[in-house]
Amino acid sequence: FEATAYAEFSGIIDHLWLMIAAFLVFLMQAGFAMLETGTVRQKNAKNIMIKNVMDLVVGAFVWWGFGFPFAYGGGDYSGGPANGFIGAQGFFFINGYDSCEGGHPSECLYPIAPSIDSFAGWLFQWAFAATATTIVSGAVAERCSFIGYLVYATFITGFIYPVVVHWIWSPYGWLTAFRDPSIASGAWVSPGVVDFAGSSVVHMVGGCTALVAAAILGPRIGRFDANGNMKAFAPHNAAFVGLGTLILWFGWYGFNPGSTLALSGGFVLLAEKVAVGTTLAASGGGFAAILMCFIKYRHLDLPPLCNGILAGLVAVCSGVAVSEPWACFVIGLIGGLFEFWFAIAIQKMKIDDPLDAAAVHFGGGFIGMLCGGLFGSRINTTAAYSEDQPCGAFFGCGGSQFAVNLLAAVMVMIWSMGMGTIVFGAMRLAGILRISPEEESMGLDVSHHGGAAYDDGKNHDSSGFEK
Amino acid sequence: FEATAYAEFSGIIDHLWLMIAAFLVFLMQAGFAMLETGTVRQKNAKNIMIKNVMDLVVGAFVWWGFGFPFAYGGGDYSGGPANGFIGAQGFFFINGYDSCEGGHPSECLYPIAPSIDSFAGWLFQWAFAATATTIVSGAVAERCSFIGYLVYATFITGFIYPVVVHWIWSPYGWLTAFRDPSIASGAWVSPGVVDFAGSSVVHMVGGCTALVAAAILGPRIGRFDANGNMKAFAPHNAAFVGLGTLILWFGWYGFNPGSTLALSGGFVLLAEKVAVGTTLAASGGGFAAILMCFIKYRHLDLPPLCNGILAGLVAVCSGVAVSEPWACFVIGLIGGLFEFWFAIAIQKMKIDDPLDAAAVHFGGGFIGMLCGGLFGSRINTTAAYSEDQPCGAFFGCGGSQFAVNLLAAVMVMIWSMGMGTIVFGAMRLAGILRISPEEESMGLDVSHHGGAAYDDGKNHDSSGFEK
Amino acid sequence: FEATAYAEFSGIIDHLWLMIAAFLVFLMQAGFAMLETGTVRQKNAKNIMIKNVMDLVVGAFVWWGFGFPFAYGGGDYSGGPANGFIGAQGFFFINGYDSCEGGHPSECLYPIAPSIDSFAGWLFQWAFAATATTIVSGAVAERCSFIGYLVYATFITGFIYPVVVHWIWSPYGWLTAFRDPSIASGAWVSPGVVDFAGSSVVHMVGGCTALVAAAILGPRIGRFDANGNMKAFAPHNAAFVGLGTLILWFGWYGFNPGSTLALSGGFVLLAEKVAVGTTLAASGGGFAAILMCFIKYRHLDLPPLCNGILAGLVAVCSGVAVSEPWACFVIGLIGGLFEFWFAIAIQKMKIDDPLDAAAVHFGGGFIGMLCGGLFGSRINTTAAYSEDQPCGAFFGCGGSQFAVNLLAAVMVMIWSMGMGTIVFGAMRLAGILRISPEEESMGLDVSHHGGAAYDDGKNHDSSGFEK
């Protein structure tokens, strides 16, 4: 009885935790929606909202059909052993339940292990996948065609992102720190990457793809003048920007602490330490960016503050589990600092990223990957990973973790930018990527979505009839 | 010790789950508030927000006093046995705690059974009741009087909705699948209805009442011209519409998975399967509606997309626990499809439902009830209900479940529409249901609520003084 | 094994509960942000949003460095025993983990006891601290300088608030009901205060400081005319006001039920009773205020409704655990009633509090403290506190609890108003507290934050270029 009850309660609690975390990460989509809607110009507000909602609609279908099987599936199409590059099992939940073989019927019905192959795991990972895709929608805002959106959303959620998940988070991947030799085959890098909650897996994939997408798509009309000077396009609703950021921060308490995937076996203490580190990183990132904003522009503006907070949160994803809280604050600080100047550098390159999505997610994520190899202390790394995982270079374990993390960051960069170039480049060559200049001037809401996002009623006469 | 500890932890986890789910369903009220506020015209934005907030204020009082006792109370006023039509015990929490008799004092203080008669159960059910009432506020928006609102909100939360809950979800009801013969008496239908999370109980009650309310109230001035052609009244804030939909989707993760009412005893696996089915149904509904919108109007608009998602979520409530995830996707697809055309049919009947609330909740709910009798597989039905509950007609169990679900849908329709006709018809006859044409032209915010919802400061001079 | 497993699961569940509650209370910051942003004039919308976001950024750093150690730390700087006035241990998480001494290394890594000295406890308490600070930002809105904001936010989060926490909630405080004689020293009041979730600790500290801050800062230009008549400054966005209130109500389900700090040992039943009491108090407060509004102004406006709900929620914080649900409804009713007239009284005193923050949090909190000594029933008080804690004066336990609660309320008032006078008075004397009249007329967004909060695109020509 005892062992059974112990296993039962551990299972319930771990599944519950994964569900709660999944719900919180889901809500981040509302945060992105408000942040992006608030930041674009009013004439494209409805368009960006539609895209953010569609990210979930399209994403759920694609993640169900292809994304999750590519990410966490073992085996390959021909029934051979799992490989380190991509999974191939469980398409549309078909034949995806290993635990079913020989077990009790109820185990055939529901996958059991909570971490990755349960329904709760699918849900949690789906919310992550939606995040990676949404990041790009910010960078291509106000000028990307809807067909272009559908194509890239499908590719990112269904292929570009899942492959990186397979590399770094599945038990089969060639870069994973969670390799299970009993089921994995092929060469792999040891030690594996420390990317606890996805500085590279989620944010760099999204941010790198966003950067090439924005570059290939070209700037919005009027963004750069004849002399190459950038014109500021002010957010059309600062309240939405602030609300979106606060919802995102809230959702991050699912994103990072939930990445323990369990509470039993002592992980509850890790989860709450991660929650504290996440908080301090957001604080550090906010401080850095608002200070930089004041130094450079002599005023305190909301978008830099929000992007600094987000960059701090992005940066800490990698090392939050292996670092002391003070180190998380420092990581956030560096992330916010780097993001601020990286955003300006991207603008100098004449790349128009309306949300500074590349700076936040690529910039913050890259810094985070480096920090994940620098700030891990021995005791924290043992608790979060194992005694075999090296701690950070600043804490006496040498540079091996830093080297692996750098390798992973570079590989993710190459993969995401390469695949992004193929997908967006092909669409550009096919002439289906960008709306016409007339449509862009008019705004997407009127040209594609049946009318403006807002109606103040001034086109109605006093009796309520439309003029 | 062991059995005690087992019971204790099961209890804690089940109560905790119910609280979490209740909180999530509560937040759906914020989702409805934003969806409805964004959809109405600007001049009535404050009015609809006040009604959504009041739904909770009034609803808590009424649910405490009458609604919950009618829904889940056993016995009757005279102390006789429970009947299948309506409960009558525990008004204002007085004498409502069966578990108190002969037990330990602490059991008198707090009801124990988490599923329905605990405080957590009350809270969870209250949030459901508020949902049913809120649905109607969308259909009567922009022209219903405040006294009319107070009357119908009280009747729906306090009587129309609780009676249906008693029929279908209480252990006493004549249609319930959870009948407890040791405490229930009278005739009942066997097998009971499969309406896991309320396609009929919540959504059809709200949607059917909404339809008769909108019909009795009559269309908004200017909605239909002399030739009977409908004029589009565009949502005044599309960002609110999108935000509201995303919050509703988020809250649905309490609404559907929380309807397991427990996590122990294997229900955690059911809860997460339900969460996945809910996700895929939303996806299916969104796909169906946006496609229909494009086919019919040649553009992609936000309100149809949002209503399609919501219709998918509504439709899947009934059968989500007994269906495979792929079936949930199909159910959502059918729900979104049906809702799109049902909304147009309602408009053709010259009924003005500003939110398309009837199409989403009545239409989606009705389709959902049918699907709940068609798509249940044997293994899932056994896991969610019991071996005695028939599976769906498509899965080899014959048509009995379909017949019962159809019967329940028709009975709920008759009850809700009948009661709605009485309540709204009486108020119309009494002349208290609708505001005057002058007030309607002016907008409710200015005429009833002390001023417009928005103030852009243009009526203030530069020093901040009002002109 | 058994005892170990029992302790392990209790620990997991209690820590999990604290995390969930912390996340919910965190989200209240988004609620405050929307409520405050919606209520101020449009020209200061971005400013107030920045302050609300900065409350978390600054608050996290200060709470980490000083606030939490002052609040819950034992000992003093010189290593002496703990005192009842202020803690002095664990600055920046350094040497703050008592459980570390002699224990297992993993206990040195993560503090263990979930209630106050764990990371989850820190997070939960941090979210509370942010609330206290945010309350003040409403009262000084539209005219306070940014340096003034930074100074007072640091003082409240880092000193004024933590000292009161130490008095009333720490095991060391001179007013606490949770005194642990084995570690505490010095004189104390017995019985301790009943302030379960912070009517005094959080809300009176915020509300009292807010009142003196608004008084010292002076009214906004144009608020009172030459004859002393107040001009109404309408909220610029009623939808934000409603959304903010609903999010706050949602977050309150972490604030009050989470204040059990545990679910094990029967506390889950207390937590859900608290959730129900919280609901009914909000209902009572809303009813009272909307009724008063109708009686006084003959219309039903949103801000009074929202403030009434909030005042009910504030008032019930103190006694919610020791009172029956019906008593919570009554407490909310009284709170909403008192708040309505207190707000008018403050206006009559020519104090300009744009959010009526003092009326809601000081007024509601003060009433709540009195009710906490009046409405506690014996059985509820025993379940929530102990058999030694007196029940309320209305329930046969005499006036001792009322006397202690009144004493605490007065002491918190003296402390908060005194400290607030020093901090705000010093800044006023130094001439750094208030922006110039020109900046105020222009609005803070344009004068300090790089431009207006909203941009409707009318300054752009049709091709998207700015004019």
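Annotations for the structure displayed:
We just call them A, B and C in the order they show up, numbering each chain from 1.
The criterion applied here is as follows: contacts are C-beta pairs under 8 Å (C-beta built on N, C-alpha and C of every residue); 3 or more make two chains touch, one makes a residue touch a chain.
Predicted, not measured: the structure shown is a model, and the values here were computed from it.
Chain contacts in this assembly form a complete graph, since each chain touches every other chain.
For the pair chain A and chain B, the fraction of shared interface numbers is less than half, so the two copies use mostly different residues to meet. With centres taken as mean Cα positions, chain B sits 33 Å from chain A. Multi-chain contact residues of chain A, defined as those touching 2 or more other chains: 2, 5, 9, 13, 16, 20, 237. Considering their complex, residues 2, 5-6, 9, 13, 16-17, 20, 24, 41-43, 220-222, 231, 234-239, 241-243, 245-247, 249-250, 253, 257, 263-264, 266, 268-273, 275-276, 279-280, 282-283, 286-287, 290, 297, 299-302, 305-306, 309, 324-326, 329, 379-380, 383, 437, 440-443 of chain C touch chain B. Remark: chain A residues 1-2, 5, 8-9, 11-13, 15-16, 18-20, 22-23, 26-27, 29-30, 33-34, 37-38, 45-46, 49-50, 52-54, 56-58, 60-61, 64, 92-93, 105-106, 108-110, 112, 118-120, 122-123, 126, 146, 237, 240, 445, 448-457, 460, 462-466 touch chain B in the complex.
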